[in-house]
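The structure is given below, and queries will be raised subsequently.
A, B, C and D are the chain letters, set down in written order, and residue numbers restart from 1 in every chain.
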Amino acid sequence: MKRIGVLTSGGDAPGMNACLRALVLTAHANELEVIGFQRGFNGVLDQEYQTLSPYHVSGIIQDGGTLLKSARCPAMHTEEGLKQAAANLHDLELDALLVIGGDGSFRGVLELAPYYQGKLLGIPGTIDNDVDGSDFSIGFATALDTALDAIDKIRDTADAFERIFLVEVMGRHTGYLAVAAGIAAGAEQIICPELASELDLDKIAEHVEQARKHRGNCSYIIVIAETMYPGGASALAVDLEQRGIECRASILGHIQRGGRPVGADRILATKLGAYAVEQLVQGAHLMMAGEINGKAGLYPLALTGDKKKQVDSYLLRWQQQVAQY
Amino acid sequence: MKRIGVLTSGGDAPGMNACLRALVLTAHANELEVIGFQRGFNGVLDQEYQTLSPYHVSGIIQDGGTLLKSARCPAMHTEEGLKQAAANLHDLELDALLVIGGDGSFRGVLELAPYYQGKLLGIPGTIDNDVDGSDFSIGFATALDTALDAIDKIRDTADAFERIFLVEVMGRHTGYLAVAAGIAAGAEQIICPELASELDLDKIAEHVEQARKHRGNCSYIIVIAETMYPGGASALAVDLEQRGIECRASILGHIQRGGRPVGADRILATKLGAYAVEQLVQGAHLMMAGEINGKAGLYPLALTGDKKKQVDSYLLRWQQQVAQY
Amino acid sequence: MKRIGVLTSGGDAPGMNACLRALVLTAHANELEVIGFQRGFNGVLDQEYQTLSPYHVSGIIQDGGTLLKSARCPAMHTEEGLKQAAANLHDLELDALLVIGGDGSFRGVLELAPYYQGKLLGIPGTIDNDVDGSDFSIGFATALDTALDAIDKIRDTADAFERIFLVEVMGRHTGYLAVAAGIAAGAEQIICPELASELDLDKIAEHVEQARKHRGNCSYIIVIAETMYPGGASALAVDLEQRGIECRASILGHIQRGGRPVGADRILATKLGAYAVEQLVQGAHLMMAGEINGKAGLYPLALTGDKKKQVDSYLLRWQQQVAQY
Amino acid sequence: MKRIGVLTSGGDAPGMNACLRALVLTAHANELEVIGFQRGFNGVLDQEYQTLSPYHVSGIIQDGGTLLKSARCPAMHTEEGLKQAAANLHDLELDALLVIGGDGSFRGVLELAPYYQGKLLGIPGTIDNDVDGSDFSIGFATALDTALDAIDKIRDTADAFERIFLVEVMGRHTGYLAVAAGIAAGAEQIICPELASELDLDKIAEHVEQARKHRGNCSYIIVIAETMYPGGASALAVDLEQRGIECRASILGHIQRGGRPVGADRILATKLGAYAVEQLVQGAHLMMAGEINGKAGLYPLALTGDKKKQVDSYLLRWQQQVAQY
């Protein structure tokens, strides 16, 4: 093994740069050349790439976003695109391709496998944390603290006005971010797919009234996962007001994707970047480098999208039990 | 003068607690008792209040929100409400009432004046900064850094995807926050009432294309003041996409109101709280305690809403000149 | 079980308040009264305490420090003190005592056991993370991000001046904080007890020269655990200068103990507080509520000080291998 | 005027990069080429420089430190060095040199003046804020918030242990940072050169005892400017303990120099960078571009070190009056 490629794909996540750094340093220690592709798979198809040496990744451990940029690449869903990508990788004499992204990106990797003769490895990088095979994905810890910081600020106004706020957080079809942010913010209610596939307006309203009975007028924060209500938190706020629950919606949006990675993300990203290269050298293929119970390990790429990982049901149940006090 | 009342009114702003602290400590040094009303003028009407001693304001200099809570008070727009408020203030033998809020709250104070025999003083507290008689209002500096922190995070994703973002900031009918955040974030475009009363979709689109011609694909951030477009940044994003400008909207919303006050706000709040009490003792009436050119001073409450203060036109013009490079 | 006591002991750690909140809410759900003692065991001896209801812990999840205050209590190292403490707990008819602190505090708990008839439970709260039976102790994650934020700032100056900095972090006799902060900051060198019991000036100097040979003049940061050098980082800086290595020392000190807890600490603190009360109700005694591999569990208090937990040797070894590039 | 040089000199300050960006963009708008020298005046002497185009300063507005690096340059204190510097500037056909730094750097500029035929302009960049001719220097606002954040954290521990802390902040021979941080942190005592040239141990101790009499045991924070006591805060802590005042010292050190610039610094830096170039084009020479009362203006370089600017005596006096409550 002499030369490997790397790209970042899907939504950017804080820590992707820390991962690139670790990966390049480890490759250098193993005398491997690293080629970084621009804009996800587009860089493979368009042959936009650069050599990445330790010099290029110096000082990027603390940067949000991704040095290599990211983008969707519809062409990779066609046979023609896949063949072209494989051909370009072969032309560059790349012995392996490492993809930092979410399970959507990993599906693309699996589709490329029949055409490409090198090794393929994934590293989980997404703030949604919805990747099986790793307790946490790169970016989740930072997104949690970003969301939390925002909710803490909203709490100030909610307290001052004894107001109800609906805060919509990211997470696609999972509630990892909603549950973590909701617990950490001391939210009065958490609405996420893991609790109920459908949202019940009556139950929400009843809970609000219950809490106000116990505690008098006070702030009340509902953390809601995106995709839980048609039209999002803004539409839900309108519908709740029609039931006499006056509330404000706040959609945190893209701020959750950016920012300097927190310590936990830099450490995870560094570990997985280093480990992935070491495992490549050892022959790993079609696997994802993840961390389970504090230890780096490999997990079949084909299983990373099975949605078997669970949110913390202990805390979720506890929150429902005590939130009214 | 023996006893004074204080309340916070209008939107909460970081630093209101620091102001309350300074005010109470200064009153204590001048042997004045302080009564704090809850929920703005509602506390006056409903007789919900508490004595505030140095003990109560210890350790609150760093807290966002307001210890006294805030709320709208429609009753203060009726003669009956004003008379009742004055009667309650007289019953409590209050020699003066201090109101921390924006120019809307100050209008309420002016309406109360004919009925109340004590002194009336205002202190500017609003993140919008739209109060004449003070270079900055309490809360503006913190809101700027909160908005900036959010835009910096959005920049990470915008860079990674070479994408255009519309970021909507608060400010009501003024562009103080939009201009400051836009300059500080290095935004490519700033849209605010001071530049043009009406927004021109063609000009926005042309500017984007111009910048992309100069710089190639890259991130591009438009900071837009709320109330500049019907339906806000989300509606604008839809309309821009119809002209072929693909962009995302991010509405920063209520996070801009909360959070720990930054140093500048704590210092301003401390100075104005201390100064206001000192001036009350000296007989000030129907004035606002503000800071101009670094010095505390009094300004007629009746003029605080004249909108004569200006955004920094030097920087705004500069930004328009260089943003395309 | 009707009434339980709680205290915070040893160095304060961010998240202790979040833990108190969870503990009180869970006790309330289980119809238990909670008595909070002031200043660690001093509050037990001096009978300074307060009842803690959900009202008292509302809104404290985000506060650093500890509502109950903390202090050393030398009297608890005497038989007389222990007997008095037990007698006071009996007088208050407390069925159990919960202690949030480090392994030093837990030793005190074990010494109290022969005299006190109620249940005794510990919860790990210390930024040092040096407690067996829990992967992380409350406060560690926040201390890491505080240290990291400081080192990132120091990096700016180190880069600007191409200078060497020695940054001393807390951790008592362990390197958890030094290793985590060093990895996350991309430090060029980490000096901690787990790597070598004694510090070798020649090796440090050699490493610096090696790195400068590879990379030219550049910033170079050494993260060093406290207690690794007599006189600390300042003395080490002086001694290194005598060998021709010009460097600056920065002792992060007490800032590492305070601040708003990050999400990870709030979640851990909430989980352990809730779990500890649930386990008390089930009869747990002389145990510590910890979290291992993401799951709450009990661990014998007597073993919490055995120092069997390890720093992440994978990352530590990796850092030594690549830091010179 | 066709080509100008720029360098950053003295201690780095957050916002220097924002200033470089504004300066380069404005030069570009005025069709001027910009040469950036590395490591302060060393880059002039060693002929280490690079052309700076808008591309080079894209995305640096938010970075701490300085792109151009900084360093002391003893050779500039010799006639030979000055002559060589001037010769090198002439060789590069530079019509002007812009220096971002403190008054020490400006003295160097004045010494260069007799030898160099181009224009010379300064921009105040130092966290110490000790430059006449500008209300604030670039970096001061950020350093204030960094110090404040640290003191807030120390307050948590001070509260938990009812302890006295001595916090030493930067500022060289002035108290701008100490006064601002002390006021904003609600410090119980501020020790700075503007209050007394010599520090009185008895008065410090008396104040502590007075406060404890008024308020009972509580946290107590003394913010002290560096250079106020031989050996600094650590030595002072030792000496205070000998008088029975148990206290801890915390030296904030170099963290105060780094970090992302806050909004106020980015705006000031942008304004001064733009203004300086515009004034150069208009013929300014031997002046500093500063901001007074919110407006950019020129001030003779020769007067910038006169130490006529004052700390906020109103707040300082107020603090002394109320701090005991």
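Annotations
FYI, a contact is a pair of C-beta atoms (placed from the backbone, for glycine too) under 8 Å apart; a residue touches a chain by one contact, two chains touch by 3 or more.
Chain identities (UniProt): A, B, C, D = 6-phosphofructokinase.
The shown structure was predicted, so the numbers you read here are calculated from the model rather than taken from an experiment.
For the pair chain B and chain D, there is no chain touching both partners. Comparing mean CA positions across the assembly, the chain most remote from chain D is A.
The mean-CA centres of chain A and chain C are about 29 angstrom from one another, to the nearest whole unit.
Mean C-alpha positions place chain A and chain D at a centre distance of 39 Å.
Chain D has its Cα centroid 35 Å from the Cα centroid of chain C.
Contact of a single residue of chain A with at least two other chains is seen at positions 152, 155, 159.
Contacts between chains close into a ring here, every chain touching precisely two others. Every pair of chains in contact is given here: A-B, A-C, B-D, C-D. Residues 21-22, 25-26, 28-29, 54-55, 58-59, 61-62, 135, 141, 144-145, 148, 152, 155, 159, 180-181, 183-186, 215, 218, 260, 262-264, 266-267, 270-271, 274-275, 293-294, 296, 312, 314-315, 318, 321-322, 325 of chain A are the ones touching chain C in the complex. Taken in their complex, chain B has these residues touching chain A: 8, 11-12, 14, 39, 63-66, 69-71, 146, 150, 152-157, 159-162, 165, 248, 250-259.
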